[in-house]
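Going by the order they are written in, the chains are A, B, C and D; count residues from 1 in each one.
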């Protein structure tokens, strides 16, 4: 890559934006199809009633809230990671940050729709917003759902800007290469960026502040998501470990998603020269650490429950150990620990393929984890008489599938709109580390006058 | 407004740009009149050292405080607006209020940061202005706005001398 | 001093006859959901008679326990509702305001007693079964949570009547449908703030226990445990 | 009147016609002029009588103004009318004492049922094809009248037959008049929950041919032999009230309740001590207890009096019934028997109850006599806390006692009874009789069948003419309940609301027919309408008993109407007038089917919600979870866990139950409360035709019962059948509670 001139870099990284391949169109069509199907399923649910889902007494939360937690968790890929790497000033971050931040923005937007999808009366969702309403009633600040509202709100705004700010210079690049309507559009998007030192300095400072701000926000978001559960006196929910447990899990699944996305981009956008094995290697190590951390949390949680041996909690515990949900539980342990750890621990497996594979299982495993946190507890509350069970219907499955496709679709469309690797940052990374002032010899000066 | 009257040279590399910058400097052009444009931040070069200092972090912190105070009162007033029966417990729930306050603090900080950025960089500004597409093709633009007609020729020479591949004059009389 | 409505259920009297269940359906316009929905365990019984077997035949014991909303003083369902649909009334009831409910079902998850029931579909009454509906109780639409109200419509009617007649409410004057229907008189309803009321007396008697007391929800429904027979010695 | 109505209606119709096109279908309907003026939103409580089971509870009906779609003079329209909104017990009524069981409260849905027969129907297609044509009341009544008058002129003995539910009050008077005038007969339609055995036994033992009232409230020790007295037996509401009082109503005194049965019934669930007894051994067990009491001289042998003398070997102190001797036969340990005997004898007043399966064995009559003797020995007959017989009841002892359905069927089939016209009233014999009785074949031999059914049930399907009865809430009601209270009770209730549909009260129709036939029948039934008949009965009652409050018959009548009847304390009769009858030897219960081939006792039981199946059409009853199984909208077969394990049957497996007389399929419920050699199944489901809510749901255990009868009575011995089981597949059973049962690993590990 060092062999490439800045000009080549710009060309390479912009290439994916020009032209549409048949494969691309086909893929977009398929994904769009599934998304539309999901929309129809949701419309049907709104029309007929939530009864078309598999929800029932006493399992009032199922796939939808699982998806909610899963996507919010996934969103920790980008902003958090890129922020950490920025602050740590890890030079290898440069090609990674943007694809990471994109994941955040999309995963977060998708996740944020689920609290509305799962409502019994979604057309009244706006009652959750704090505004002086004709009902003379503000929302209940005591409800963790309100905390969610504020946290996700803040997180979404910060991560969107966190993604957009460093794009402005690249928009300018595109503006100067494009013509016709594209030129106009990108002209507008670039806000008239010219690239004066003042603009560069301010941008960098802003990014620095954002990076500092966004990390605690991300942490708070997933803590609050965990409190949606931990605040309720439900067996195995009412636990202090939940917040860190969820945050760790979120970062875990986030990194996995990032690796997966990068592997795919590398393949389909031919970014072999920019997304290098070293990136997967490093992220792989990070994933390994998180996998171990995740297992540590699960172990701690299970151990405390088992040792505590509370009559209320044990049925939930046992149903996940060798009861109704044992199969899913052990599958989760496989996906999140037994498979990824060896792959990531052994150097010669820590290849691009290897890390991608591990990440894939982790993504599945983490979805299962969220499901296993929610459903077994709800179906085994204190009074054995009212125990129940839960099976999703086609509606929930379609909507869930739809969101995965929506993620892919948004990503593909985005890849046509913006270079998925920050061009200027990459270029800036080329020349030697900053703050080593250069002395430029000026022969012409010598012979002046 | 039309493009301002200016002379500038386009330099192929940061090194040449640096020379051009120093040359203008030596020619006694006041730094405030010198303009620099590049498609990447050349932090390590003198020509991009200008306008470095900024109070942005402090403004952001201030914004955070404002947001926090706003958050606290939002949480507080909404609870007082509909006083529920708490069975002897305080009407204001401390922890939730804290959470809302925290989130809005961060939001305040983020938003002020963005605003400050836009204001201090005079963005967005779509009006036609001094700019050259060559910049985004890797060239570095070094020039002078509103040079006195006396200086004009000398500036041109110095820019060329420093290694500008092209020297242009825009706007105004020529 | 405001009333604090409470109930006592004597498990030594309860015979599990289900009269309370049907009385509740009739009084509160609870729709029957039909076979298919019942199979999906969406049947709505604001009060249910829980049955627990103990031991092996022939030494089997069966215990009945009617479970309805416990009208907790520290109700887990209330703080979690983002729209104040479930909230605490001045008379100590866990109110449920159907119009405010947007159907997050958070309250139902938080409730350890599983006594909140959700309208997964709009209720239907095959004509002319709709004529049986009680005009004093609103019908709940799809997407809304519903639960036992201690027959608040009867409480209000009683209070209004007493006020109109310029007198205090008499103990036992107000009876929710379930209490009214209970033939062995296992259920007693009344004001816990009135130390003289039968419900207060029983709630402080020896066999009094609270359901899942360890959760600290402070229920206003008290269960009197099943008693043992103590004959006299000369047996 | 007609004309004025017409004018008003047309005027309003015109007005509404002007309002039409608003899309709301209600606007297409004309509005009738309200017949009653009610304040909207104001509830009035009217007395009525519960007819969901024969207990005869008095109830109050909450009536409020509402708007109903009704047909008046063949015209569909909207009518502002009083509508029944809720049923509660009548606090003044001695039996219900302000309470009402779940079945009673669901009576509301009988009136508002969507599948009610809304107007008279005459058969069009082949019998049983279900093809009927709507006709007007005049034609309908003409048809019935002509059928009957032709029969009346020829009048062959037994040409007219009724199949009815339990009959009391003036309804009975009317039917008696018909049967005497036609030399006809009638049979009880319900083979199940028929108390004829108890009546016969009480008649023999105490001289009171009545079920008797158990004074639980004052009892100190209750021995119940199979009687589901808190569920469906006798007068459940009264007994529940009494039970609550026995348990906790008397400070410092809590009665003990021991239940002897092969399967824990809902009543057994509330027992202090449940004792598993071999099916059919209840009588022997009772006598074993008596043996101990006598042997230990806790009660004088002689105190049993005539009831004791009916038991062979009583005078000798029942030597054959020593606990050790009968332990094996009864399946109860000798020491348990002895302990219970001592407890019972030392805790006066103690009372023994027998009912349900204990009297539905082939030796049920012996069992009943044995328990009667025990009662007499314990000195509880006619005493507070014991078993009481109201004296006034003998007045109701029927002249022509009802024949058993089996006898009726066999006589019709054999031609011994040349029935030309059959009237079915309040009964569904096809459903409630074992297939082996051949009721279906018998009905096919009858040329003309008229039914008063409100719903198209299995029997109504076979009718040639259906004259739909108004619902109880829409009719005049009267009743003289035989038990449930020590008082003499005669209930009366005016209609709580106007009829919703074009229906008429059956007794009114019969009176009308009687007038049309004329002759002695018309003389015997001089009343135009049923309320006149009831008023006459109350006038007679006033003459007979007088009244402290009412100054004349009219005031007596109006007071009775207002409070739902009239009741007075009777000196509760003790055992008297009973004489004759030879001492009866213990007879072992006979079971149909070889034990080797059919290893399990088949124990059908009355469902707490469907009673004998007649309430399966009510959605409230279908969706209310059964107290023990928590099953909704279906049926089940109770199997002991160990048995199920042996047969490798899981919960929810579809099990085929075959008796020598047929087979059925039902989902298995692993129930800890049933004996290993017994399988139990509720009655109520398995209707071929009984409205949208019950048709084709589950299976009917009665259908496979053996045609065994209780020795000494014609009653069906419905607990005397043996069956074999085989799992034939899976099936969906809807459980409301414990949807994960004790079998789940979650509980194993607790």
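The working rule: contacts are C-beta pairs under 8 Å (C-beta built on N, C-alpha and C of every residue); 3 or more make two chains touch, one makes a residue touch a chain.
Computed from a prediction, not measured in an experiment: that's the story for all the values here.
C-beta contact counts were set side by side for A-C and C-D; C-D has more.
Once CA atoms are averaged chain by chain and compared with the all-protein CA average, the nearest chain turns out to be C. Each chain gets a centre from the mean of its Cα atoms; for chain A and chain D, those two points are 66 Å apart.
For the pair chain A and chain C, the distance between C-alpha centroids works out to 44 Å. The mean-CA centres of chain C and chain D are about 30 angstrom from one another, to the nearest whole unit. Rounded to whole angstrom, the centroid-to-centroid distance between chain A and chain B, based on C-alpha atoms, equals 30 Å. Along chain A, residues 137, 139-140, 142, 146, 384-386, 388 each make contact with two or more other chains.
Chain D has residues 737-739 in contact with two or more other chains.
In chain C, 41, 43, 48, 50-51, 79, 84 are the positions where the chain touches two or more neighbouring chains simultaneously.
The part of chain B that touches chain A in the complex is made up of residues 14-15, 18-19, 22-23, 35-52, 54, 56-57, 60, 71, 74-75, 77-79, 81-82, 84, 93, 96-97, 99-100, 102-104, 106-107, 109-111, 113-114, 116-118, 120-121, 123-127, 129-131, 133, 135-138, 161-162. By the touch rule above, chain C contacts chain D in their complex via residues 10, 12-19, 21-23, 25-27, 32-35, 38-39, 41, 43, 45, 48-51, 53, 55-58, 60-64, 126-135, 177, 180-186, 227-232, 234-235.
Of all residues in chain D, those touching chain C in their complex are 41, 64, 66, 68-69, 83-89, 98-102, 105-106, 108-109, 112-114, 230-231, 236-237, 240-241, 243-245, 247-249, 254-256, 264, 266-270, 272-276, 339, 342-343, 346-347, 500, 608-609, 619-625, 627-628, 630, 632-634, 640-642, 672-676, 692, 697, 732, 734, 736-739, 742. Across the complex, chain C meets chain A through its residues 37, 40-43, 48, 50-52, 67, 76, 79-84, 100-106, 108-110, 112-114, 117-122, 142-145, 212, 215, 217. Against chain B, in their complex, chain A makes its touches with residues 5-7, 10, 130, 136-142, 146-147, 150-151, 153-154, 157-158, 161, 165, 168-169, 172-173, 175-177, 187-188, 191-206, 209-210, 213-214, 216-217, 220, 224, 424, 427-428, 431-432, 434-438, 440, 442, 444-445.
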